[in-house]
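Chain lettering (A, B, C and D) follows the sequence in which the chains are written, and residue indices restart at 1 in each chain.
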Amino acid sequence: MPTQENLIPLSGWRRKLYIIIYEADTRAGRIFDMALIIAILLSVACVMLESVSSIRQQYGTLLTVLDWTFTILFTIEYTLRLVCVHKPLRYVKSFFGVIDLLSILPLYLGLFIPESRFLADIRILRLLRMFRILKLSRHLGEAAQLRRALLASRRKITVFLVTVILLVIVLGTLMYVIEGPEHGFTSIPISIYWAIVTLTTVGFGDITPKTPLGQALASLVMITGYGIIAVPTGIVSAEIARSVPDPVSSDNRSATRLCPHCFSEGHDWDAQYCKHCGGQLPRPAKGEVS
Amino acid sequence: MPTQENLIPLSGWRRKLYIIIYEADTRAGRIFDMALIIAILLSVACVMLESVSSIRQQYGTLLTVLDWTFTILFTIEYTLRLVCVHKPLRYVKSFFGVIDLLSILPLYLGLFIPESRFLADIRILRLLRMFRILKLSRHLGEAAQLRRALLASRRKITVFLVTVILLVIVLGTLMYVIEGPEHGFTSIPISIYWAIVTLTTVGFGDITPKTPLGQALASLVMITGYGIIAVPTGIVSAEIARSVPDPVSSDNRSATRLCPHCFSEGHDWDAQYCKHCGGQLPRPAKGEVS
Amino acid sequence: MPTQENLIPLSGWRRKLYIIIYEADTRAGRIFDMALIIAILLSVACVMLESVSSIRQQYGTLLTVLDWTFTILFTIEYTLRLVCVHKPLRYVKSFFGVIDLLSILPLYLGLFIPESRFLADIRILRLLRMFRILKLSRHLGEAAQLRRALLASRRKITVFLVTVILLVIVLGTLMYVIEGPEHGFTSIPISIYWAIVTLTTVGFGDITPKTPLGQALASLVMITGYGIIAVPTGIVSAEIARSVPDPVSSDNRSATRLCPHCFSEGHDWDAQYCKHCGGQLPRPAKGEVS
Amino acid sequence: MPTQENLIPLSGWRRKLYIIIYEADTRAGRIFDMALIIAILLSVACVMLESVSSIRQQYGTLLTVLDWTFTILFTIEYTLRLVCVHKPLRYVKSFFGVIDLLSILPLYLGLFIPESRFLADIRILRLLRMFRILKLSRHLGEAAQLRRALLASRRKITVFLVTVILLVIVLGTLMYVIEGPEHGFTSIPISIYWAIVTLTTVGFGDITPKTPLGQALASLVMITGYGIIAVPTGIVSAEIARSVPDPVSSDNRSATRLCPHCFSEGHDWDAQYCKHCGGQLPRPAKGEVS
């Protein structure tokens, strides 16, 4: 949806900020991205260490300070990201916009519900940008190929999953009636949980059948699970064998381009306008690129 | 087997009822189907909640009333399904006829054997009709493709399963002799159950080998199981790669057609007679279709 | 190696006996084979039931009598099989000759080592003849196809297994040094057993890492195991996709033919001489075939 | 990088030693290699037995003596390997050079840190030379094919592994917040360990979810893990199906040739100079080859 506004290029400090924050073609942009990756990794490590009770008791105050420092930095970054684009709401609603917001919310939320502050770890998902930032365009291309293969087989996988879900409900119900609460199958939902644990060959062993009939049915479930794992594998194998690598992705220079209007990726390195929304793509001047 | 009777079309209220209950082309038919799906989901949720002892103690009476309400509704529906077809017995013996009957029996049976009322959950299988009702014809087509791939490899899978069964009997016997009752391998059937748990890589851990020789044999079983899981996967992968999507299924309009005489599916949208039994296919009048 | 002797056809009662015992073309042969399958299944069921202590206490004497009856019957059958072929030693050394012998030995051996009598269950492997006896020639053909695919990939699988074995030895040693006897890793062999349990994704849970370093290494092992399961599957999938069904097996009539000299299978229905050893193949007279 | 020195052939006793130790074409070379394989297997067996406490108590002194004997022998062998090549440092830094060193270090290190002496078991990796020594050139060829297939899919596998790692961090954090320390999820790292155990379908059962919400999320994790195992399998299957066997490897005579300068393998049987570094390949005289 190309609008008049989209055609007006960003200018002044907002344009410079945009190129630093969203693109990775200039020296400043690369430094920013590297610093961001390191900050994300450090802050996730902080949250993890804080969850270990022995470490929390010793370094609790330090870790809390670090947590807040990182969260405030990320909050500033989020604000800057909002400021330097035409339509901030589009960024907020984009995939990475949601993840960026989820990365800073937990600590603020933690003021009210203490446990929820650990959810800040979800900011690790911000690293998904890494492939683009590090110009790993061939990885991006093969990731796109995998995604296409999975998309092409989504209906077969849906059919398979629906079958599996119906199956575990029936099997869980049968096991509940056969084994009963006295052998750990305390309710139908628990029995369905057991059926999933067994059918997927995970087998925790926290609940196990005790009666001969229950063990016979469990054996059937296990052999079924062992057999039907072949189905999704077969589906995906066939799709991947059929698919071809993404030709676009072979060009390394296109990896870091991002539309500031609709936040879509995959633009050619010499594109001037977004192929999805028609908005102008900002480009660092020749001198800025290193 | 086309008979004279099959050629007489259903008429009057029975024809209208048939189109509402069995087909999904008219507005009334779609409303009926949607109501049915919701009723099934609600009733299954009821049975599940009832199995949780804490909920049963608090809402036991309410849930029992709901259970009976749903069962009586499904009984009425079952009777109507019998009434509006030429040959009720064929419906009773068809796949969905059996499931529909199994959906209402448990509660009546529960009057004599209390535990069996939970089997009412099996009615979740009625949702298998969902794909047809929701006109998910492409899903149906790919489901048919999967089914064909599995059918084409059924002999290889039979050979594989027979081999696996003979293998677990031999392995179970060996483990029983090696480990013996004092290490949990209390009988050959239990040892066979252990062999299945291990070979399928489920590994509950309720029974584990304790002697060095037993652990060595178990290691062998595990590596074998790890290796032979490749066989069914390879079989199914090769078949799916070979198969092509079902061309018939690409026509969305044919998804909901069902023969009232032999209950077969997959008729073309403009077919007038069943391609399997020659009986006439009922068709809503132009005005009825929406 | 065709010898003069091979060319002399079996004659008289030995020929008749041979056709009854080894072939399944005549009515008597089919009855014999069916009786044999039933006897094997019953005797295996007997041994299994005997291993259940509660049943053994109640029906011990009956089951012992049945065990001995079946073993004596199988001993007579084994003697007859020896008698009606030219070169009994070749039968003794053939695959099924070994299994037939292993089926009767355990009970006699049980007179000295009581526990070993349960090994009689190994006679279930005699059912591998079933496919041939029941003229399931298409199953035989696809079994042959599977076997060829596995044979064609045997070198890749050997390389894979050697890699896995070296890997589990190294991983087991590392875990023993990291976790040590106080966390259940009592010796290197036990740690290797743990590494196999983990790498194959069985995961009994009888031994689990307790130290952070051990859990980190275990995580690595699990992700490796999850990843390398793809290798055998990929190998076998590729081979099966490449292979074609066995053309010979399409002829149903050839399924039951067996050379009395070298005990090879897979002869054409109209063959007069064994294609492997040149010996004459016995053929029931036209009148005998039903 | 061919240098003048490389072109000077080894001579005298160093040349003879080189042919015995590094090549397997002469009788002396084969005897040396066989003795080495046996010594490695025996010494690994020694270390394993020593780790079993009951055996250590009884035969501790004997095993310690054997350990030191083998380690001194391997130290001498390592010195000889250094002596008879032009550039010892290149050998030290080559793959097998590192493993050879790791094979003798643990026992010397064990004088200071007792537990570390068990790491001597890592010398089992020296058997990786086996395929070359035993002239299993077809195995080498198919191993090379597998390696190429894995290399060709390394980017897809990287993308997959990064996704899995991000996923387990997010899932582990969620489970920590949902279940908490009172149900065994004592910290985020432990919860991530649990997520790996579950996603890879290992399922030890040492930590299991107890709350309904936790079990629901666990079910989701298990079905996801069950589904995404299809991805690496599909990737590898497709690559193996695409790849062709290594043509070079079909020549059996080339299997044992090794460059004394850069320690690369895969030279043709009649090559006179290394195709990688240009150094001269030593060749036993006609009379020496058997």
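Everything that follows uses one rule, which is that contacts are C-beta pairs under 8 Å (C-beta built on N, C-alpha and C of every residue); 3 or more make two chains touch, one makes a residue touch a chain.
Note that the coordinates shown come from a computational prediction; the quantities given were computed from them, not determined experimentally.
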{"item": "Matching chain pair for C-D (criterion: over half of the contact pairs shared, by residue number), options B-D, A-D or A-C", "value": "A-D"}
{"item": "Rotation, 0 to 180 degrees and nearest 5, that superposes chain A on copy chain D via CA atoms", "value": "90"}
{"item": "Between chain B and chain C, centroid-to-centroid distance (C-alpha), Å", "value": "34"}
{"item": "CA centroid of chain B to CA centroid of chain D, Å", "value": "48"}
{"item": "Shared-contact residues (touching 2 or more other chains) in chain C", "value": "189, 201-205, 229, 233, 235, 237-238, 241"}
{"item": "In the complex with chain A, residue positions of chain B that touch it", "value": "44, 47-48, 51-53, 115-116, 118-119, 121-122, 124-125, 127-128, 130-131, 138-139, 142-143, 145-146, 149-150, 157, 161, 164, 189-190, 192-193, 196-197, 199-206, 229, 232-233, 235-241"}
{"item": "Chain C - residues contacting chain A, complex", "value": "201-205, 233, 237"}
{"item": "Residue ranges of chain A in contact with chain B within the complex", "value": "155-156, 158-160, 162, 166, 169-170, 173-174, 176-177, 180-181, 186-189, 198, 201-205, 208, 212, 215-216, 218-219, 222-223, 225-227, 229-231, 233-235, 237-238, 241-242"}
